[in-house]
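Look for subunit A in each of the two complexes below; its partner is subunit B in the first and subunit C in the second.
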Partner chain A sequence: MKRHNRQFRCPALSAPTAKALAVLVFCLVSICTRSLAQGGGLRFCLHAEPKTFDPLKVDDDASGAIRYLTGGVLVRENRQTQQLEPGLALSWKVSSDGREISFRLRSGVSFSDGTPFSAEDVAYTVQQLMDPALHSPTGDVFRSGAGSVETKVISQTQISIRFPAPVAGLAALFDQVAIMSVRSPKKEMAVLGPFMVGDYKPGSSVVLNRNPYYWKTDAQGRKLPYLDSIHLDIQPNRDVELLRFKREELDLINSLDSEYFDKVSASSPQVVHDAGPSLDSEQLWFNQVAKAPIPGYKRNWFRSTAFRRAISQAINRDDLSRVVYHGHAQPALGPFSPANKFWFNANLKPQIYSPETALKALQGEGFRMENGTLKDKEGNEVVFSIITNAGNKQREHMAVLIQDDLQKIGIHVNVVTLDFPSLIERMTQTFDYEAIILGLTNVDLDPNNEMNVWLSSSENHQWNPSQKTPETEWEAEIDRLMREQASAADLNKRKEAFDRVQEIVAEQQPFIFLINKNALSAVSTSVRGAAPVILWPQTYWNAESLMVAGK
Partner chain B sequence: MRGLQKKIAGHLLGLIATILIGGFLSASLVRLAPGFEVDERELDPHLSAQSLQALRDSRRQDENIFHFYLHYLSQAARGDFGKSVALGQPVRTLLRDRAPLTMRLIAIGLTLSWSLTVTFALSAAWLRLSIYDTATTMLSGVFLCIPAAVLALLSVLWNVPGSLAIALIVFPGTYRYTRNLSLKAYAQPHILAARAKGLSEARILFWHVVPVVAPQLLAVAGVSVSMAIGATIPVEALCGFAGIGQLAWQAAMARDLPLLVNITVLVTLVTLLANSGADVIGSVIRGQEA
Partner chain C sequence: MSLWQKLACAALVLVVLASFAANWLAPAGYAHQYREATDAPPSRTHWLGTDELGRDRFARVLYGTRISLLLAPAAALLSTLLAALIGGIAGYLGGAWKRAAMAVTDLFLSLPWLFLLITARALLPLNVSPLVSVMVTFLLLGLLGWTSAARVLCASAALLRGSDFVRQARAAGINGRRLFWMHVLPNLKPVLFAQFWISIPVFILSEANLGILGLGVAEPMPSWGSLLKELEGLVSVGEEPWKFVPLILLVIVVTSFQILLSRQQEVAA
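Up next is the complex of A and B:
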């Protein structure tokens, strides 16, 4: 066997060629190093057009996402630990009466256009935010009493803010307040967060570029964020979003529904994440409004605690979770899910599904079963309709399952779906409905942000809004407890009061809480550093520490 | 010439009247739609009673439809088309930003649709093969039966351009009419005689068939523009294209009165211009022939 030994000779390089090659190699190495050191571009979808880039006017999810990624805040609530962490403020102190908060600020921080940051910017932001004419949801949560807010700039790095009345959970509310510059000519486009708006194509996309002046560094002292940019495609259609994710045109989906979760999971189990029960709940409630255009005998059923509790008992929540959410939901116990580590009342008992007990309880109230149909004392058949928003497959499906469950105790339910504006009109203006299934998207941990849901005088007290005086004793008690927790400075006392509210709600069932959906998301394997959590924004809460490989 | 001027003037008057009536009807329908007076933001528990009231008051500004429409017309005359309630941006900006995409979709969609139509219709008339004719008629029938939304979804699923979906939505409407016209034209005695004399098919087509069918085809072309505009709503909404069709869908869902009225007026204007244009050109052609 003949063996050929080949010898390769490197041709002699001329000096200019060698120099050119060296430059080329240097450039390639620089490019590679730069892309590793920074972290590429992340791409995901917003589901609607952002209404504003002004962080103080944010009242929609898309604008909220941009504010989260671009806004610099004094205090940041860590979405993983649910604890407050220093942001632009190194430290803060709330006065014993809960009316004043003082911040010590970082020095040497600049806005994205290079304008220096100081206490005057904080004062300006708070004054703008609290302008009554702005009607900002972010500002409204600070309004606990009549009067104006006073800001006192002590030095370039120290400021105190005094409110006319105690504000519960005051420090945590600053998580939503993106500081604006008083001096920058770029106004709200000068930001202190990790990214800044680079390009906006209406209806199509928003590109966020890394803020070169961002103050934060990682443990090794490298400047954050790692990502060079975030490309936010405006894509209302969830099917298209899923398809694009599968085609690897997107890096993450922040919120998946259970059906899509299973579809993605079947083909790529490594990209989906189920972070467990979220703060969001789905609930059913009956119309208890006195002037509602419904028959009086039906209003009497809906106002009866025993009736509401029996309905709650007759609903099989495990089935709702298993069938509708494919197991990616947990039966709900009350207003807050166990995901809210501090405020959830762990003493609440799960609602046991028992149609027999429910029927007995109803019979105890004078209802009777005749030929498989439940009738009240006056002989009226127990029939009512549940409305929900058309197009929400899960709610429609839940309504049908509840219809089946209640049929077992002789109650006939009609399921009606309406488009969202019609549903809101019935719910808030005409009160022309009997029962509703709807969800509460909860982004706040503190119950104080739900004052407008629980106070009987509030317009968002959905089962019976705008009561002049509480119409029931238990609503009066909830009012008292909610006010008590709002004015208490001691966190444990607040917790005690809100625990009692949760117990009253579980006893009285004004909202029949059905399930808490799990926080489902999908993150491409090319995204490094992702750790999806239950709190919004589940997948990109730590956007400054994310990297995208191979881009 | 005088007749043509009269025709154009008549079209212009009709156009203005239709736009005014169309805009008013659209405004009235939106105003009467359930859910007009409410806003999704009312459910935000963060809002104070004052903010909630301000939100409702802003919605009630448009309560009186006559007042709204007169105000809208006077503002529009000055170039101010109002502000979108749902998106919070000037309607003029929204339409200006999104019009190019929609116009491109419609232009490509119509070009594709008419290419398919003319190819199939003329070849069917020219070949006179019953199998071919049945096959093309069945093909157009299939696309006629498939809902526009399904075609849009398929285009997303198969990653094909949305303009193709628009083309396939418009195609059945234009094909059947064009085919019938072509068959009728080819069956005329003078064309049979021309064929017998040995004239080339190209000469027959361009000298004897096209002049006969052109005025009627122009009318169909005008109608196809409105069909294509209608098709952009499901296609853009389902494919996620940021065009006027998607905007119309969002506006309808949000009961966005200023936006819907403007879109109605715009669509009416384009449709009428297309139809009137086709009619006037058709008249010119017929005049020349006469």
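Up next is the complex of A and C:
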């Protein structure tokens, strides 16, 4: 007792006051700790109105973001390691013929309204997904052949799903399938993800609240997510988004322009993140369509592999990365960026910039230089136009740099910027163009999702779409290899086939890949646990583990 | 001439002279890319710094000024002539002619200009040189920009038609065509001049608008429109005031034209 009195003796404070102070300090500390532990509220922007909250109908980025944050999936692709991880399924097994997948599910999991989760919910979701009447964009990737998909509920925690034909990369496709409840009256609003839709003000915001029934816990056994809520402001204007971020009204920007990245970096280097090359690429291609309304001699240039390779060689990709993207891009090697750890063909050689070699190669094909202008065998001046969409500053700048690069080998390029609908009409309907610069946004690692680009019969085979039969041998080989990789169950065989596709594309240059943009983002210092990655959604892929301090 | 009018005149002369001395003042040219010095601040070698592609901004401002100042008056002349023909003749003839011409004018006025220009630009052949593209852009502006002036000229011609001296001339037996060319048109001169001067800044601004949308003059040729595009970045303008030079120049030129226009109106009055 004596010792106790001595410890707390203070000339200015009486014992009751000291006790009161101690309680106050304890309360303050526990409030602070709680605000960190429970995570507070996160705020960022969606760039468009979400079209739907139904996870099976998602076809736009905004709805995709909400599905990612609210949907519970059987298998989750870890955005950092690019490996599949168990979600609602503890384990899974794909049959040797690639047509069937069996899942063993977690038990004791509930939807956000308290309805228990079981294999019947998975069966219901798959049936809904594959219902032709629903036209689910997510379901399209599972449609491998004619016939119906069979689901077999083995027990409350076991289910097998059989497809009419092999589906490439089957397990990874379930990363996009948010499981819906068969029993809940709330249907799509009953979710299994870390958050649930709390409030939606059209044109203004979507508020997601913590799902109290979320199954996941952290390493210490604490229930996830830490955040109480996520406030998604609907704001299409990127400038306004950046200003609001600078005013600390927003906590993160998922995708940042390279110019803005440098501006923010100059004042607050700790908030910007360059995660390295992303999956997105920018490319140039020539019109090779037989019926295109362009002169025959130009079509002959564009269909010549030597011509396309020479153009590729004459473009200074390092300058495109450095000047246009302020160093936040890498020269592209082929259809897939090195960021795609598994599918990228590491044997591809970088394209060496050499206008001299390019000119020699063209001269070998009968082109000749006259008074600084390149002419073909028939004496036609090599002049063509490159179109791109007006308002995209990076593409406009790349076109001007390419114009200057090609001028060095006597090729005159006219840069034309068009409004996007006009450009798409020329590209897909009238084929009235010579060359285009556009980009491909990849959100998926698996090449199977690019079948529509590489198959010569596809409408999206942009340089020469909808061919009845492949017009060149190399396109026929790409067709064969793409089908082979799509039907093989063995991952290594698929990889082998797609490696060869990448090699053919590098040799033939139907797309002259220019650069891979880096994944740039900004995250406020008040956000704890953020680890931006190259895969979408770059900054909030681990939203369940994020915390916001001081809110 | 007031002091302001003298100053306006001097400013215009200075800008025009500088733009025509571009080859001498900025020998590097507007298209040369100094790729190792992109977005550089003003220096001894680049008086207004370089743009995002490393092109000398001072050279681009001078050449852009030359293009805008040469072609905007040309487009204004074309539109004023069209307005004089359509509006002036319709006003002079009156009756059904006037109603028909005004209906066409109203139709043109009701068209959304910007979308019409975007559509017209998209329909043009792709393989045109930058020089042709700049001519086409201003030609389009001239062909589409006559409507407001036509209404004014129609009203003025209608007034003249009922005036005493025209009645007298008609009574004296002068035929209609001669009456229009010898008596009506010379009396429309002040209005024509006013419309011409008003149109110049309007066309400069229209081209600037198209340039901001990326639909104006083709690269690498500069124009005030494409130079003003640099001001898009809200974040950077406060830190790089030299990027405002094209805007300041545009304001000076447009203001000078307006001041001189007021002089024209005084003379006309």
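Definition applied: the second predicted complex is superposed on the first by the 516 of 551 C-alpha atoms of A that agree within 3 Å, B and C clash if a C-alpha of one lies under 4 Å from a C-alpha of the other, contacts with A are read in each partner's own complex, and residues count from 1 in each chain.
Methods note: contacts are C-beta pairs under 8 Å (C-beta built on N, C-alpha and C of every residue); 3 or more make two chains touch, one makes a residue touch a chain.
Note that the structure is a prediction, hence the values are computed from the model and not measured.
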Touched partner set for A:Asn371, first subunit B, second subunit C, both or neither: neither
First (subunit B), second (subunit C), both or neither touched by A:Val453: first
Which superposed partner A:Asp419 touches (first subunit B, second subunit C, both, neither): both
Touching partner for A:Asp239 - first (subunit B), second (subunit C), both, neither: both
Partner chain in contact with A:Gln220 - subunit B first, subunit C second, else both or neither: neither
Touching partner for A:Thr469 - first (subunit B), second (subunit C), both, neither: neither
Contacts of A:Asp319 with subunit B and subunit C, given as first, second, both or neither: second
Touched partner set for A:Asn492, first subunit B, second subunit C, both or neither: neither
Contacts of A:Asp140 with subunit B and subunit C, given as first, second, both or neither: first
Subunit B/subunit C common contact set on subunit A: 239, 243, 418-419, 422
Subunit A-facing residues of subunit C, complex: 31, 33, 35, 38, 52-54, 118-119, 121-122, 126-130, 133, 213-215, 218-220, 232-236
Subunit C contact footprint on subunit A (complex, rising order): 239, 242-243, 259-260, 263-264, 319, 322-324, 383-385, 387, 390-391, 393, 396-397, 399-401, 403-404, 412, 414-419, 422, 432-434
List of subunit B residues in touch with subunit A within their complex: 33-52, 54-55, 87-89, 93-94, 97-98, 153, 156-157, 159, 237-240, 242-243, 246-247, 250, 253-255
Contact set on subunit A toward subunit B in their complex: 49, 51-52, 59-60, 132, 135-138, 140-141, 143, 201-204, 234-237, 239-240, 243, 247, 418-425, 428-429, 449-453, 458-460
